[in-house]
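Read from first to last, the chains carry the letters A, B, C and D; within each, the first residue is number 1.
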Amino acid sequence: MMNQKTTEQTLLSIKNLSTYFHTPEGVIRAVEGVNFDILKGACLGVLGESGCGKSVTALSIMQLIPSPPGEISSGSIQFAGKDLLRFSSRQMRSIRGKEISMIFQEPMTSLNPVYTVGNQIGETYRIHEGLDARQAKEKSIEMLSLVGIPSPQKRVDEYPHQLSGGMRQRVMIAMAIGCQPKLLIADEPTTALDVTIQAQILDLMAGLQEEMGMSIMMITHDLGVIAEISDKVVVMYAGQVVEQSSIDELFKHPLHPYSRGLLNSIPKLGDKFVRGKQPLREISGQVPDLINLPSGCLFASRCPKVEKKCLENVPQLIEIAPGHDVRCWLAG
Amino acid sequence: MLAYIIRRMFQAVAICLVISAMSFFMLFLNTDPALMLLPPEAEVADIAAFKKQMGLDRPVLIQYKDFLGRVVFHGDFGQSFVYKVPAVQLIMERFPATLRLALAAIVFINLVAIPVGVISAVKRGSFVDNIFTFFALMGQAMPLYWLGIMLIIIFGVWLRWLPISGSDSFAHLILPAITLGSWILPVNMRLVRSGMLDVLNKDYIRTARAKGLPEWLVLGKHAFKNAILPLVTVIGMQLGLLLGGAVVTETVFAWPGMGQLVLDSIHMGDYPVVQAVVVVFAVCVVVGNLVADILAALIDPRIRLN
Amino acid sequence: MASKMTDDPMLQVEGLKMHFPIIKGVVRRQVGSVFAVDGVNFHINKGETLGLVGESGCGKTTVGRCLIGLYRSTAGSIIFEGREVINQSRKKMVTLRRRMQMIFQDPYSSLNPRMRVRDIIGEVLKVHGLVEPKNKTQRIAELLDQVGLKSDFAARYPHEFSGGQRQRIGIARALAMEPRILVADEPVSALDVSVQAQVINLLERLKQDLNLSMLMISHDLSVVEHVADRIAVMYLGKIVETGSDRDLYNNPHHPYTHALLEAIPQPRAGGRARRQSRKLLGGDVPSPIDPPRGCYFHPRCPRVEDQCKRDNPPMVEVSPGHVVSCFFPGKK
Amino acid sequence: MIKPALSQSFSISSHPSSTIRTLKRLWHLRLGILGSLLILCLVTTALFTPWLAPNDPYTQDITQRLLPPFWMEGSSSDHFLGTDHLGRDLLSRIMYGTRISLVIGLSAVVLQLILGVGLGVLAGYYRGRVDSAISFIVNAMMSFPFILLALTLVSVLGASLQNIIIALGLTGWPVYTRVTRIETIKLNEQEFILAAHSLAYSSWRIITRHVLPNMLPTLLVLSTVEVARSIIRESLLSFLGLGIQPPTPSWGVMLAEGRDYMLMHWWLAAFPGLAIFMAALGINLLGDALRDYTDPHLRKY
């Protein structure tokens, strides 16, 4: 059991969260029994491929799941000691953008093309802090310079299409951190950006995190990005958490065959000069259909070490080593 | 922005020219206005004399050049063959009433289409949405002149609520405007609906919600302005269609616009009048489009600043 | 592997330029150009893979499309198998370029959704009369087998396949032309991480088995480095550095290559420390419409001197086969 | 149609719940079925009118003029929907009118398709000056009142069935051009078209095998709706006296004749109009159902 101290440090605690989508083809079990905590001031990486449920988890926290057809069918989301899932929509609105903020993958489309940057950043202040238009604009300029946008007085009156992709993502960040949120959820914030710009944005986020003491939930499919920014990592596969550990532990001792497969399947810079060129180790097959999930372990059909019990029984997420949880019959 | 508008104006003028040329040459396809206008027993010599008098015996291209020169520099379309007065005068006496009807219809259309379309989109799949959609389908299937007649029968003859002809008061405007508007209304309603649905799926709407904005701000500020864009660009185009529709509506409601005059002129091959009508319409259409373009540019900075 | 390569250029590109006109204003006249590709030289030897790497908008895709003949290049020469393929009649160009085929980025849009797999591949065979009609079915089965698909997939439509499988179909279509060079334009970037390895390995295997040459275009230096024998780095329409994979990784001479290598996040433990210690490349890529004077890279370059702002840097051969376009190559 | 990745089907949008969705599907299905039934009636009537119609549409009988429909006082059992001012049977005339409307609606659409799709593909595929020129004409024609153009054309060519079809065809094609052009441009950005170019397929092959088949659903929906529109337009021309000429039983002609009697004998105008309305509604309902079915974006919900 958790001791008193860790509970105090926990900012967000997700317990047994399941989010389903009811479609004509059947029920999509996008997120199934997900548990994890985000500590105060820490960065949690959520790693997974498209369709693994990482974004749906984030949207569930924000309660931005389109409903219908989406539905948070069970679980609890404790944020600063209160269950967000019991909040009214009005209470939730006062949380969004103020206590918990979110930035998205596509900075191109995530900003409204017909309003100025200043208008869109200032809006947060007008809504959550009751500032008037002039004060909001001043604050916006302040935020723009904080996120490293040159000549913010000029940029504040520009429209999104006049900015580069990296600039837009900075604007998104300025918008998100304006009210000093306790948690910033970043859903693939650098995927649409070039590597040199990605490096800038990651540095910016890490810097802001330190300065403001906020927590970050970093959602990405990129193992490199997660290595650079997060303290702890949660690996998701087909709607479930399959592995959870500190970041270095994951790279040194990956325990779940999926995590291991993922690590081995990507080319790593310089590896071929150290070990000689070898073919990449593929993960065979595909992600299971979330509507007709197989019984037993969801990774069984792709697992190189699959055994009979994997096909029959669902493994649970268990702590194998201190702070290292795995959902696998064969681990440990 | 300025270059954009200037370019649009050039295009507008070009469109006017093309339309005037189209209307001019179409009349020469195979009619001979002289034969139409003179009594059937007219002698060949009479016909020739008439042609000479009206300038119809010269080559077509020369006639067009003259026509263009007169129109552009003097606003002169020539004398009506039938009424023997300048065609422009005939048109200008009646045009304001037609324009009034068309503008009334535009106001009616969009006052109804925008809220209905927005509600339909926001409540997609609901009972209200289905009802609106069904009415839109019905509206599109309804010939407008028939609707006019039915409205006259129901509200004018049976219920006696509204006047059925003339243009003396605001009440006179109601039935014709509804009749004329019902034709375009479903189109615009569906345009607003689909525009709104489209926008509601955009990432920036998710961003707005993630900021904690109340739903009325999300819809009213972030969605609406984007959703309305496609509508703004078609309203200009619709002015032309409505002017055409007005001609028909007027004949049903005896509205004192150019309706009957236009139909009679076409019937009788009174082509100075037809040409004048066509060009006046073209100018309206072009001005309408220009206004729509400017409106669109004002709403959308991507047009304005590029 | 290296023994199979001969120094016999299969493809020789000299001074390739592709300028797209910008048409604007009241009278629609050309007011400028997008200098998408602005003087590019490279060659590919028989059996060799050249990696072309660069960030979005650097012109790498345009280079590929010029090679294939999708764009009519503004200037330069492309010599393929000893013959000039630019400025030929359409008919001649078709025959000359037949043995240079492209693999596209997006497996979801690169296959005609209304055609069955057998028609997608069969059409190629039919149009170019590559097999006797009676042998068509067999040839299709062969091609599918080559890319690791079952021959009974031939009767299916593209939407019945996963992204990885669709990419295989695209590769089979290219192979139907019996190419000598494959131009692979971001062949894995639209795929899930766990599937990328499958496609990369397939391309490598095909290259070996069929003794193909390959131009691998990608924004992902890790992928490029894994597959390529030599690498060319592009920035703003120009190649700034070309060299063997080893030279480029161990001994990058151009400051941009250097920054690129630094910026790529590594999927290894200790990522945070690495991020904090690296030097960042500031700013954004300038617009290819109005590239800076002198060296295109100078506004972002940490080594910038006055000369860089004035003159175009020359191509310097720092070691055999390792060419850099910089006034101060190698200086850290 | 294609579901690239699960995450994409999770896009933010308010999907209806399962019950409402089922109801909506049924609703649309029902409307589609209603539309199909209406069209079935229309086609059956058109094909078998001579055997179905109770009376000859041209036979006049002054003694039986202006009879009301069957439920009203003074109606005759021979004339189900009453008679017109010349004593002709209204129902029979409406039934014969079906043929004219359908023939004109379908032929006009075929003509529009040939002209409009051809020009649209040219504009979208070749772009450049060809596109500018075609788009310019389309814009000019689309912003100009159709009625004036069609009326003038008919008055110039002379009012006959054939000329009405020509007039409707010549004025109706710009919609197709606009839609086809945009679709072609969208398709041209797809990589499979690029692939076709890189495989050195001829333009003819690319257009006929790769571009056109991929816009068939759109064209099908559009054409359906345009049949309805053409029927309404024909009736309008006839109503204004420049279309089908009396005594031929066109719905528009009947409406025009009925209008003079609308104050006392409303059914003379009401029933032909109702016929147009039902025909157009049926076709539109079917078109709407087709759109929902073919539009992958809508079908997802």
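Note that in this section a contact is a pair of C-beta atoms (placed from the backbone, for glycine too) under 8 Å apart; a residue touches a chain by one contact, two chains touch by 3 or more.
This one's a predicted model, so the numbers in the text were calculated from it and none came from an experiment.
Asker: Walk from chain A over to chain B along touching chains and report the minimum step count.
Answerer: Tracing touching chains, the least step count from chain A to chain B comes to 1.
Asker: Is the number of contacting C-beta pairs greater for B-D or for C-D?
Answerer: B-D
Asker: Determine the centre-to-centre distance between chain B and chain C, using the mean Cα coordinates as centres, and give it in whole Å.
Answerer: Result: the chain centres lie 53 Å from each other.
Asker: Taking each chain's centre as its mean C-alpha position, how far apart are chain B and chain D in Å?
Answerer: Inter-chain centre distance comes to 21 Å.
Asker: Roughly how many whole angstrom separate the Cα centroids of chain C and chain D?
Answerer: So the centroids are 50 Å from each other.
Asker: Report the inter-centroid distance (CA atoms only) between chain A and chain C in whole Å.
Answerer: So the centre of chain A lies 32 Å away from the centre of chain C.
Asker: If you look at chain B, which of its residues touch at least two other chains?
Answerer: Each of 203, 206, 209 in chain B touches at least two other chains.
Asker: Hunt down the residues of chain A that sit against at least two other chains at once, touch-wise.
Answerer: In chain A, the residues touching two or more other chains are 50, 64.
Asker: Please output the residue numbers of chain C that touch at least 2 other chains, ranges allowed.
Answerer: Residues 192 of chain C each touch two or more of the other chains.
Asker: Enumerate the contact residues on chain D facing chain B in the complex.
Answerer: 11-14, 16, 20-21, 24, 27, 31, 136-137, 139-140, 142-149, 151-153, 155-158, 225, 228, 232, 235-236, 239-242, 255, 259, 262-263, 266, 269-270, 273, 276-281, 283-285, 288, 301
Asker: For chain B, which residues are in contact with chain D within the complex?
Answerer: Per the touch definition, chain B meets chain D at residues 11, 14-15, 18-19, 22-23, 26-27, 29-31, 124-126, 130, 133-134, 137-138, 140-143, 145-146, 149-150, 152-153, 157, 197, 200-201, 203, 205-206, 209, 236-237, 239-241, 243-245, 247-248, 251-252, 262-263, 266-267, 269, 274, 277-278, 281-282, 285-286, 288-289.
Asker: State the interface residues of chain A toward chain C in the complex, per the touch definition above.
Answerer: Within the complex, chain A contacts chain C at residues 49-50, 164, 166-167, 194-200, 202-203, 206, 221-229, 247-248, 251-252, 261-263, 265-273, 277, 279-284, 286-287.
Asker: Mind pulling up the chain C residues that touch chain A in the complex?
Answerer: Contacts found on chain C: 1, 55-56, 162, 164, 192-198, 200-201, 204-205, 219, 221-223, 225-227, 245-246, 249-250, 259-272, 274-276, 278, 280-282, 284-285.
Asker: Looking at the complex, which residues from chain A come into contact with chain B?
Answerer: Contact set of chain A toward chain B: 62, 64, 93-98, 101-102, 104, 106, 109-115, 123-124, 127-128, 159, 161-162, 172, 175.
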